[in-house]
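Down below are the structures I want you to see.
In the two complexes below, chain A is the common chain; its partner is chain B in one and chain C in the other.
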Partner chain A sequence: MLNLISIELYKIFSKPRSYIGFGAITAIVVLIEFALWLDGKSYLSFILQSLEQSFQVEGNILNGNLVCFIILQTLIVQMPLLVALITGDLVSGEAATGTIRLVLTKPFSRAQLLWAKYAAGCTYTFMLLLWLGVLALCGGLLIFGAGDMIVLKSDGLTIIRGDDTLWRYLGAFSIAFLSLVVVATFSMMLSCFTDNSIGPIISSMAVIILFTIIGTLDVPFFDKLKPFLFTTHMIVWRNMFDNPLDTSQIVQSLIILSGHIVVFFSVAYYHFTRKDILN
Partner chain B sequence: MKDIVQLNDLHKKYGNFTAVDGLSLQVKEGDVYGFLGPNGAGKSTTIRMMLSLIAPTSGEVRIFDKSLVTSREEIMRNVGCIIEKPDFYLYMSAVKNLQLFARMNGVNPSSKEVNELFDLVGLAGRQNDLVRTYSHGMKQRLGIAQTLIHSPKLIVLDEPTTGLDPKGIIDLRNLILRLKNEFGKTIILSSHILSEIELIADSMVIINKGKAVAQGRVSELLSNQDLIVTFELNDTVAAERIIQETVWHGKLRVSGSGELKLQISKEEISEVVKLFVQHGILVNSATYKRTLEDYFLKLTANN
Partner chain C sequence: MIKGFAILLSGLCFGQLIMAQTPRQLIAQVNQKFAKVNDYSADLEMKFDIPAVKIENISGKVFYKRPDKFRIRTKGIIFLPKQNPYYSMQSIADTNSFMAVATGTEVVSGVTATVVNVIPNNNNGDLILGKFWIDAVQKVILKSQLTTKSSGTIGIENTYGSKLPYALPDNIVFTIDVAKFKIPKALAVDINSKTKAADTGSAKGVGVISLRFGNYAINTKLKDTVFTEP
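Here is the complex of A and B:
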């Protein structure tokens, strides 16, 4: 099984398209950090202008912790696309090029192959997120230094002590990882149903956009749907920066996200292990 | 010789359409086995069922005397194949592709073994090129190398000559014969061209509409089958007159423009040539082309 996973990882990292994600993240993070380094104080003044009328804000507010939070909020929207670009191609890409015919005649089961592809897809997702974390958090701390973190939300303001942020970031990145694994599983599931690689990537993005729109619309009918949409729970990483922490909400979201993973993978597994290879 | 492959009453249905209809056959160890049939006859479906790419509706596939359902992985360790066309990871070099497929088969060949394979298939010196730069013929050769990388006992080649130029076809034919004679491989070869199978296969099955219409040793199936033989002669008028006086007078088909056509068996060709030479007629060539269509027509007529 480890041999198969390493083969799948080798395939992923041999494709030039696999580096688009790393390149895009690097470019965006560097751009944001550069812009904040150049003119971050004006940006913060604009954001905090209503607060500054009531509070006196002192110290290094524009620090690495806050910069990482800003980057995460900005990039988390694009991350699913970068993930789906690879995971949506895992099965259908091989079907499109015809290599699936050859691969499926090798001495391992389809279930093993699917698990290996899935593990490789999840590893890629993890590495992409790790890269984002290194650039955003480590880069942010290196350039802007450490300090207390101000988290401005629609329902209030939270101030977190600088030495209280690391474990929260670890938690936030873990939740973000699980959210992206949902996207990876969903796009891989779609990938099992088609013989072209573009379809699952575009379909995954279309579904995420649709669910996000449903999530933002205040229509009573949609309110019943929202708790069941995985996109509703993909933003729960932000709750790691609540003080005090609402663990029940986080755990509930983790369960729902995990449920989505189980359902999507089961559908992919059922179809892939039974389908006739006709192309 | 024992049976390497056994198909027992194999069926495949897609809704109301029956692609394979009760096919049974046996492939002997060490044979080149021809799998013949017109396009859409069910060859590819059958081959894909043999390789577990398609699940049969009913029936059984046994390879190396083991059921494909219960011993799939054990069986596939000793099977190499090309299905329809050789597809590779185009963004990798040929040698990387080969190493990757070797690892999928659970083997780790040395550089020397890999280079020997490239030599064998005539791709020496091109192993580090990206596969996307390969021509179809080169990919086909690489496909053969891929089938051999784990030294399988059984090689399945589905329409391997599709898209090859005449030289490529001859090279492939010679390679298949080498694999059989020097390496003792059992080879299943599908084609819709009878002459292709006739030249290299020991046994064959002909399928049509998912059913076997004829099967057995090639020599037996094709013996006593009349051919349309074209003789290129210096005097067709004299030749026609001579033929009219022999037992072949009813076998004359066309004559003129330096050519004379007779419907005779393969064994009779030398007798006719001898007759012409005895009468001072110069025979430039005697050629025939046996087509699957002709064979089918004869089978239908016989039935």
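Here is the complex of A and C:
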């Protein structure tokens, strides 16, 4: 099985498109860090202007912890698209090139192949997220230094003491990983249904964009839909920076996200292990 | 009977003595008491209760040097009033720079205080109007309310302990008007947060900052570098 996974990983990393995600993340993170290094103080004073009318805010406000938080917030919309670009191609890509029949003549089951592709897709997702973490958190701390973290929310601020941030980031990245695995599973499920690689990638992106728009709009009708959308629960990583921590909301979202993974993978498994592979 | 009459008489005389002081004299006596302090350092504990801001208590160190050098050194982010805690003392340091009017007495924390309104002669300063509740016996400011151009109205309440002879409080509580706080969703990237239907400015209110001082070291000839070094 490990051999199969490493072969699938080799396939992923031998495609140039697999590096688009790493390149995009590098470009976005470096750009944001450069912009904040150059003009971060005026960005923050714009945000804090109503408080600064009454108070003097002292301390290292623009630090690596805040910069990483800003980057994570900005990238939350783009990351799933970068993941879907690869995982949406896992099965359909091979169907399109006609290699899937050849692969399935080897002495392992369809289920094993699907599991191996899934594990490789999750590993890719993990590596993408790890790269983001290294660039955003380590890079941010290196450039801007450590300090207390200001958590920006539209209706208020939470200040988290510097020595209380690392475990929160570990938790946030773990939740973000689970969220991205939902996207990876979803796009792989779509990938099992088609024989071209573009369809599942575009469909995954369209669904994510649609769900994100529904989540953004303050329309009462959409409020009823929001709890059922996985994109609503994908941003629960932000709750890791609440003080006190709302663990019930986090656990609830984790269960819902895990449920989505189980459902999407089950559908993919059911279809892939039974479908006629004709090309 | 005679004893009671004597107490009443002495009380009346004492009251007359206090009332006989002009507000300007009273402020001068307050200044005189605080003038014993050239510099000090102390441990500090800060508590914050600011609308729309969740921030934990923090401890640090505070430094002061006459006439207006003041610094709070902590390891984290803090919210401070725009004016230093001795802004009220500084604003009445020159007794010729304002008009003082006594408006009566009020009880503040169980102490009868003389209420003095201070109106600066010069309109160019930050202070528009100051109201001071002064303990005429101990010659200390118990409470002040400052209306400033830069920060609106600030309330300051002092509680004194062992450093009363130096007019240095153990606790200072600032009460500051806070404007409604709101970050645009696009800036906060708070995409799934729900806008409250009746968002009438719940975040607007009064911010309270409490400073608790301890381990005072007074007149130790603090170096100026304390106020500038990182």
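The rule is short, and it goes like this: the second predicted complex is superposed on the first by the 279 of 279 C-alpha atoms of A that agree within 3 Å, B and C clash if a C-alpha of one lies under 4 Å from a C-alpha of the other, contacts with A are read in each partner's own complex, and residues count from 1 in each chain.
Here, contacts are C-beta pairs under 8 Å (C-beta built on N, C-alpha and C of every residue); 3 or more make two chains touch, one makes a residue touch a chain.
Keep in mind that what you see is a predicted model, and the values were worked out from it rather than measured.
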item: Combined model on chain A: chain C and chain B, fit or clash; value: fit
item: Which of chain B and chain C A:Asp276 touches, first, second, both or neither; value: first
item: Per-residue touch tally on chain A - higher for chain B or for chain C; value: C
item: Touching partner for A:Glu58 - first (chain B), second (chain C), both, neither; value: second
item: Which of chain B and chain C A:Thr232 touches, first, second, both or neither; value: second
item: Contacts of A:Asn3 with chain B and chain C, given as first, second, both or neither; value: first
item: Superposition-derived minimum Cα distance between chain C and chain B (Å); value: 39
item: Those residues of chain A which chain B touches in one complex and chain C touches in the other; value: none
item: Chain A-touching residues of chain B, taken from the complex the two chains share; value: 48, 51-55, 72-74, 76-77, 79, 81-85, 87-92, 96, 100-101, 103-106, 146
item: Chain B-touching residues of chain A, taken from the complex the two chains share; value: 3-4, 7, 10-11, 14-16, 97-99, 101-109, 274, 276-278
item: Chain A residues within the chain C interface of the complex; value: 46-47, 50-51, 53-61, 70, 73-74, 76-77, 147-148, 150, 152-159, 161-162, 212, 215-216, 218, 223, 226, 232, 235, 238, 243
item: Of all residues in chain C, those that touch chain A in their complex; value: 50, 52-56, 58, 72, 74-82, 151-152, 176-185, 187-196, 203, 207
